[in-house]
Each structure stands twice: as C-alpha cells, then as structure tokens.
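Common to both upcoming complexes is chain A, partnered first by chain B, then by chain C.
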Partner chain A sequence: MSSKSNKNWLGQVFLMELRNLIAYRADFWVNFFGQTFFSLVVAYFLWASVFEYSGQTTINGFTIQKMIFYYLMVPLIFRIQQGHGIGFLSKEIYDGNLNKFLLYPINVYSYKLMTYLATSSFYLLQLFLILLIYNLFFYDPQIYSFSLYNLIRFSFVIVLVSISFFYLYSITELLAFWFDNIWSLGVILRFTSSFLGGALIPLTFFPTSAQTILQYTPFPYLIDFPMQTLQGTLSTESFLSNALIATGWLLVFRFISTLIWKQGQYKYTGIGI
Partner chain B sequence: MIRYARLYLHFLRFAFSKAMEFRADFFFRVVMDIIIYIVHFLFFSIIYLHTPILGGWSIDEMKIFIATFIFIDAFHMTFFANNTWWFPIYINRGDLDYYLTKPVSSFFFMAFKEFAANSLLNLILAIGLLSYMISNHPVALDLSKILVFILLIINGSFLFFMTYFIFLIPVFWTHSPRGFGDVFYSAEKIFQRPDGIFQGFAKKVFLYFLPFSMMASYPTRYLVSPTDNSLLLEILAASCFIYFVVYLLWKKGLRNYSSASS
Partner chain C sequence: MGSVKSLYNRNYIKKHALDDFSLHIEAGEIIGLIGSNGAGKTTLTKILSGIIHPTSGHVSVMGFNPWDRKNEYRRNMSVIMGQKAQLWWDLPAMDGYLLLKEIYQIPAKEFYTSIDYLAEYLDVKDQLNIQVRRLSLGERMKVELIAALLHKPKVIFLDEPTIGLDLSAQKAVRSFIKEYRKENKPTIILTSHYMDDIEELCPRICILRSGRKVYDGGLKELHIQYADSKVITASLATESDFSQLINTFPSALGEITGADCQIKIQTPRDKTMEAARYLLNQTQITDFNIKEDEVGTIIEKILSREGHQ
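This part shows the complex of A and B:
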C-alpha cells in the first residue's frame, strides 16, 4: 500500500468515526451538558462545604472559583483521554471480530488509534466550546491565564497523553487474548488513573509523601500535567521536562502493548464467544 | 408470588453457571471492587485532612456513610446492573417482544433476569465492611435503628436502580445506544456525597426529584443522629414518588415500543 493511500484510509477512518459519534445528536448533547452540569454541581457543593468548615478562603493555592474551573475542565480532559473507553480491542477479541482486521491490508493498531483519536478530538472540541463559554462570561485572570500559546501547548499535550492512554488501555484490553472478559481490568485502570492523576481531587491536596511517590508513576502526566498546561501554571522548563517524561511513558506503554499483542496473537482462535 | 420466586431461582441458576465460565473475571471483579472501595476511603481521608467536619459529619460518621454507599453499589451491581446494561439493547433490537409475550410482568423480567453472580462476593465484602464500620463506631448504635437502617439501605438500592432507569427509559423514544446513562454516571456522585453539603434548591431536588440523597445519606443520618422519624416519612414519600414515576414511564414507553429493530 502506497503512503498516499495509507494516509487516505486513516483519514477516512477518522471521519467515519466522527460521523458515528454524532449519529444520535440529541442524546449526545444532553449527555454532554448533563455530565458537565452534574460534575460541576457535585464539586461545587463539596468544596464550598470544605471551605466553609475549614474557615479558609484559599487551600493549597485553590480558591473556590479556581476549584470550580478545575472541576469544569478535569472531567473533560479525562474524557478526551478515554477515547473509546473500555472494550475498543477486547470486544473485538472476545467476539472474534478481530479476524477482519487481521485479514485487511491495514495495521490494526493504526486503525484503532485513529478511531480512538477521532473520539478524543470530538471531546476536545467540546472542551474548547466550554472554554469559550467560560472565557466569554466568567473569565478572570486570577483563576487561570488564557493565551493562545497555552492553548497550543495544551492541544499538543492532550494529543500526546491521549495516545499514551490508548497504549496504556490497550495493555489491559489485549489481556482478553487470555482471559476473555477483562471489563473489570479496564474499570480498575480508569478508576486508579482518575484518582492518582488528580481527576477526583487536585494532587496538591494529597499528602506530600504521596505526591513525591506519584511523580514516579505515569498518572500525574495523564491528567494533572494537561490541566496545569491549560491553566498556564507551568514554566517552559517544567513544561518541557513533563512533556519529555510523558513521551517516555508513552513509549513504555507502546512497547509493553506491542509485546502483549505479539504474544496474544498466538492464543487467538478467531472463534469468538 | 411463588411463581415469581421460582422464576427468580431459575435466573440465579443460569447466572451461576454463566459466571463459572469466566473464572478470571470473577477474580478481577473482586480486585476491582476492593480497589474502588479503597479509593473511596482515600478520597474522603484526603478531604478530612483539610476540614474536621463535612456535611455535618465527622470522619467516623463518614466511614459508615462510605460503607453504606459501597453496599448500595454492590447490591446494584449484583441484582440490577446487568439488566440496566441490556435494557437499551433489548429495546433497540426489538428483543423486548420476548418478555412481552411471557405470562409474567415484563418489568419483572427486564429488571431481574440478569443476576450478576460474579458480583456476589463483592456484595458479601460490602456487607462485611458495613458491619465492621457499624460495630466499630465510637458511639454504640441502637439495635432497632440498625434494623430499620438495613431496610432503608435495601430501599436505597431499589431507589438507585429506579433512578438509573429513569435516565435509560428515554431509549423507547430516542433509540440511542445508552439513553442518558452517561448523565446518570455523573449524577450518581451525588449519592456518594453527604446530603449535608447540599444547600437550597439543589438539596430539595436531590431529596425529592432525583432522590440521590435518600439512598445512602438519609439512612446514615437516621442511624448516626438522634432519632428523627420524619426522615422515614420523607424517604417513604420520595420512594413512592419515584416508583410511581417509573411505573408511568414504563407504561408510556411500552405504548411507544414498536418492536422494530433500530
């Protein structure tokens, strides 16, 4: 296959996936605004209560306004990384649908990554929409510093960590070659990464020792790093070092995932259940 | 009634034989739930590093609350979750026909057919955790209140399922793959927070309209606070309201059901 036609099919897959995503438009928008609304309401009341009982207006550098912005953006960032979510590979293995991908003259990983990124891109557009609304009506430089430069850096980081998450997810997904039903493993990964990455509570609220340990894991680079990039709180040096570490984790996940894929193919019967 | 009990026993038998096919999944589910339980406790532990009280509760009362919502979640996962997963698929594929033609309540079939035997161990774990938290509470809790509390949290589990169902039932009209289930997943966090943190209009909505606070928070409040029977009346009223709403929506949805695959 020539490189031109190779690019073509990747683009087609990307567009086809986007069309699938907006097939149920009403549902899509209700789910989107509903999720954002409830996440925000829960976070607001929880932290308003914490601020009230603690008698402080700032905790670990967060005011209640900063906290609201954090909980407005973090679920969206997490959703972008999630792409297709659990089942994007394991279901194909479980159902025996992987056969078609093995027969097509295309790379399964490229195909799946493209559909994954199509979903991520769509959620990224949602984030931009929410950011636009926020900037139009509630923008306050005390809460976060908006600049086009930060937005470009954020877009780069979010693509990087989405690809990283894809490979991380694929590690659990590919275990379906051995265990058939691995839904629970996907949930474990999603839940731990959301907690240890700072999606449930900002990482600065964790005890200092826990924060130090977490720096040696991939989780802060998946959620906290993109969030800090969006907020514009990272210096150029910190940004570059974090981006480098995040890339390193991506390569590690890719290596493990490829290794499992190679081993798993020998276990695959193609029958499905 | 006996007919339904016998039918449910058949559901259980099928569920256990199905679960035995995926032994690794059985193990993974236990690990998954233990990790989720730990994360819930860590979450509130971190919050309590920054405040002595949350929603009017100390950390000891909060531990009972956490164990309560973990129990309700485990109950839901065991008895209802698979059914809610299949429900939109039945509607969209036209598979509901199969249940409508049976000489039993179609809602009973839809709500109870899929028992998750692989989650049963998690439910047992959750019961153990809740018992531990209650027995280790610094203030001795009244036995009669504990008995009422058990009834309230079972009711809370049903309320959880019914509320989730309200988010799924639009599938009758939209024919989408998951209805508004994603909204529910965000909204359900309300049920994992003490009702004391909510104020004003939102508090009323989460008590009476989308009764997330009635599921785990009110039963815990009844257990750990001085006896207040008005809480029981409120739970009863909210439960009746939700059950009635689901009944109406189910009837209306069935009238709209075309049986055609979508």
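This part shows the complex of A and C:
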C-alpha cells in the first residue's frame, strides 16, 4: 500500500455517484421533464395573467418571453445548486451511516462534496439539454444572448455557487449533531435562498431598498448571479466583482461549516450499529 | 403529550455507557465482547475504532489514539457492522471495491488477487457485478466482508457479523473468519449475541454488564470459574424405566427433566459422577452424554447476578 497522498478516489466517488443517479433512469427523466414542464406551465399562466391585467408588454425589464425563459432556467439552476437535496448529512448523522465515512482514511467533507458536485453536474447536463432544445426552436437574442464564452462563464459560476451552497447547507445539516430534528431548518433555508435569491420572483421586482440590502447577503449570488451570467447581461467588471464576492461567501460558509463539524463530532454517538 | 412537552422542557439522563473499564488485547489475538443490549459493547467498538470520543480515559490501538483518526491508523483497521452496509446499495459490489482500491491506495495486482481469493473462498464470484440490493442477506454479508478486508487490516472490529443470517450462511461466515485469521493473523474484536460465533471463534471473552467488565478471560476458565453444574443427557431403553427414573431420581443429585424416554439432568459439578452412577445402575440406557453447562447459560447467569464484579 502506498503511503503517498492520492486523490484518485475523488474521481471514483464522482463517477460512482453519477452511476448511482442513473440506476433509476426512467424515474430520473420522468421527474426531470415533469418538473420542468409543470413549473413552466404554472409560470406561463401566472405571468400571462399579470401582463394582461397590467396592460403592459414590459414589466421591470421583462417581456413575457423573457419571463418564460427566466422561469425555464431558474428552477434548473436551483436544482443544480441543491445537489443532493434535503438530508444529505443530517440523515447520516441520525441513522449512524456517517460511521463508514469516519472510518475511511479520507476527508469526509471532500467525499460529500464530490457526491454533491456529481449530482450538480448531472443537473447541469440537463440544463444544457433544455438550453439546446430552446436554442433550436425558440432562440431570440432579445431574450438572452447565447455565446460559448457566456456558457463557459456560466459553468464556472454554477460550480462556484454549488460549492458555496454545499457549505451553507451543511451548516444547517450539521446542527443534527445537537438537535433531534433539523428538517425544518433545511426547508427554511431552501425557501429563503430561493425567495431571496430570485427563484420565485426576479429580484428586479423587489423594492429598491430591499435589493440594496440583499446585496449584502449571500442569496443573490446563489441564483440571480448565475442567471444573469447565463443571460449575458453582466459586464466583465460586474462579473468579476460578483465572482469575487461569491468566492468570499464560499470561504465564510466553509469556515463556519468546518468549525461546526469539528465541535459536532464530539456530540456524535454513531447510533445504529 | 410527551413530545409536545419536550419542545420546551426536555429532560436529559446522564448515563455512563462504559465505566471503570480497562482492557488489553495482544496483537493477533481474537476476543469476543459479550453483554446484553446496552451493556456497552458497541460503545467500546466505536471508541476503539475512533467513531466516538470517550469523555475521559486513555485508548491506544497500535500506538494510535483512535480519536485522532490518523489516516495511517484508519488504513490499518476495519469495522464490519452486521447491521450497516458500506457498499453502495444501487451499484454492484465491484464498483464499491474499486472505490476502496483508491481510498486505501491498494496496488492493482494486490487488489485483484485479494478479490479473487476472497470471492472464491466466500463463493460470491458471480455476485460481484450484481447490484448489492439484489443480493440475498447472506450474499450481502459476504460481499461486505470482502469490502472490509480488501486493504488487509491489522485490526478488525466485527460487530454482529452473522446477525439475521440463516444457519448455513452463519457457518460459512464463521469458517471464513477462522480461515482468514489463520492466514493473515489480524487482531479481531468480535461482538455477537450468537454463542456459536463466540464459542467457535474466541478463545478469550470479555463480558460487560452496565458498562463494566464482569469477566475477562478464557472460555475454558469461564466454565471452571462459573459453571457450578454439568448436564447429563441420556436415552432410556423403556418407557417404564423413564417413568421410574423421573419419579425416584434423588433431588440432591440434581434436577431431572425429560420426555419420550429422553432425560436431561442438571447436576451440581461435584455430584456429576454420583448422578451418572445412579443413572447407570438404576436404568437401562441406550445413549449417554455428560456435557459442560452451555456457555450461553453460564453467561446468562453471570449477567443476571446483580452487583457482581
């Protein structure tokens, strides 16, 4: 056995998680198309009524077509960022499955981050697929500006915010070391991040004062920032400053999460074996 | 109502899972941990493997403090939990092994040789490329055993390795552990509620009760120290012999039970010969046996003795 540090296992975890995801292929694709289709239909009927009632063709910079594109992409971005979804660490703390990770001669966080990113990558592929279909049939440069450069920038941002959300989410998940049920905290975090990040309503619909305050929180960098990058509405300067701030938030979440992890381990009882 | 109350006023009970406990295990030794549920066996396994941190005390395994979770320590130990799986449920065992190959940095040649040897011995060669969830419980335990042994650990914690398995699978797992130990000489700490596991695998046992050690020594010594009786079993030739014996057997020589010409006498250790002589003189017998009290019965007695240290 070699004693030198070797990170090949990270790639193996990534590949295994991908294989794991396609173990139930039919369910996966039905779920994907179902969710995308229904959220789009609901958004269309809702916003079509809003536009009709207001008598305007543009509201806060959005036409109905732009709004549809927004509601097509935002749930996908949200899903990429969510990775595993609720309970990715807390469940393992509660049922004792964390034990096996503690016994491996590896960093548990890196392992979990890899499985998280594998899930996110899979969802990212789905987003590209939807984007391809959209570009083939509905592309309009007035709605969003497609370029390879934008796509590369978007891919970078989405990985950045996914890692950021992983650490933010793990902060609430790790509270499971102390509390018997933290499920509701996860729900609150998901709702807060989706609402204040712009997944439910575009941030331009928020009052100006609220938008200003939000700039000092991590939420706009989780959804609004990747969405704007995809749409190509950010200047290089804005893109770089947003990326820098998003990285800053990532480091803050990582620091807090690591701190909680270190303390929480003393509370862990490894129940279930 | 209790769950509503716990929202604002929760009562905590402080309990020592292990207390005043000391244990020394030699390298290459195999020891069985025995105790009722909640006695502290699993807590001990978790402390020794570094899963949990003891509130006080000193632990050293192979010169490492398990809680430090040094990679060098974790590369040399393994925990097999009968009730927990480390392999991925929806993927074949082989995929899981390939991950372990990378995690433990096992050279390819050594890895495939180990897989061949272990899968051959456990008779699961054809099961390695089937999704784990599609395997039977016995097959799952076998592929889990392979996963835990691929990196050739020096210390192995076996927590209920035969739980839920049918008799033949239990036997196969036991004989594998025996064989593996003979060839690789790892230190094994076995926890099991099945006395067959303990009797077949562990020359030394440690009995825990309420977090304290109540016995630490050999299985043979356990009989000498705690078995105050022996068991005589016999088959009698006729029904009349049987009825007569049941009615006349002296209570000073032990307690007699039986049915259909089969009798069982639980006799005090020092009266064994006298009881046997009585039996041979008074009746015609077709089969006869004297056995030590069963380990399970002795352990049960030890565990039920209140306040015994």
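We take it that the second predicted complex is superposed on the first by the 266 of 273 C-alpha atoms of A that agree within 3 Å, B and C clash if a C-alpha of one lies under 4 Å from a C-alpha of the other, contacts with A are read in each partner's own complex, and residues count from 1 in each chain.
Operating definition for what follows: contacts are C-beta pairs under 8 Å (C-beta built on N, C-alpha and C of every residue); 3 or more make two chains touch, one makes a residue touch a chain.
Keep in mind it's a predicted model, so treat the numbers as computed, not measured.
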First, second, both or neither for A:Tyr24, with chain B first and chain C second: both
Chain touching more of chain A, residue-wise (chain B, chain C): B
Contacts of A:Phe195 with chain B and chain C, given as first, second, both or neither: first
Touching partner for A:Phe38 - first (chain B), second (chain C), both, neither: first
Touching partner for A:Leu244 - first (chain B), second (chain C), both, neither: neither
Chain B versus chain C as contact partner of A:Asn181, first or second or both or neither: first
Contacts of A:Tyr104 with chain B and chain C, given as first, second, both or neither: second
Which superposed partner A:Leu136 touches (first chain B, second chain C, both, neither): neither
First, second, both or neither for A:Tyr53, with chain B first and chain C second: first
Footprint overlap on chain A, comparing chain B with chain C: 24
List of chain C residues in touch with chain A within their complex: 42, 45-46, 49-53, 69, 71-72, 74-75, 77-79, 81, 83-84, 86, 88, 90-91, 95-96, 98-99, 102-107, 110, 131, 151, 159
Complex interface listing, chain B residues touching chain A: 22, 24-25, 28-29, 31-32, 35-36, 39, 42-43, 46-47, 49-55, 174, 176-180, 182-183, 185-187, 189-190, 193, 196-199, 202
Chain A - residues contacting chain C, complex: 1-4, 6, 8-9, 11-13, 16, 19-20, 23-24, 96-97, 99-100, 102-106, 265-266, 268-270, 272-273
Sites on chain A touched by chain B in the complex: 24, 26-27, 30-31, 34-39, 41-42, 45-46, 48-50, 53-54, 59-60, 75, 178-185, 187-188, 191-192, 195, 200-201, 205-207
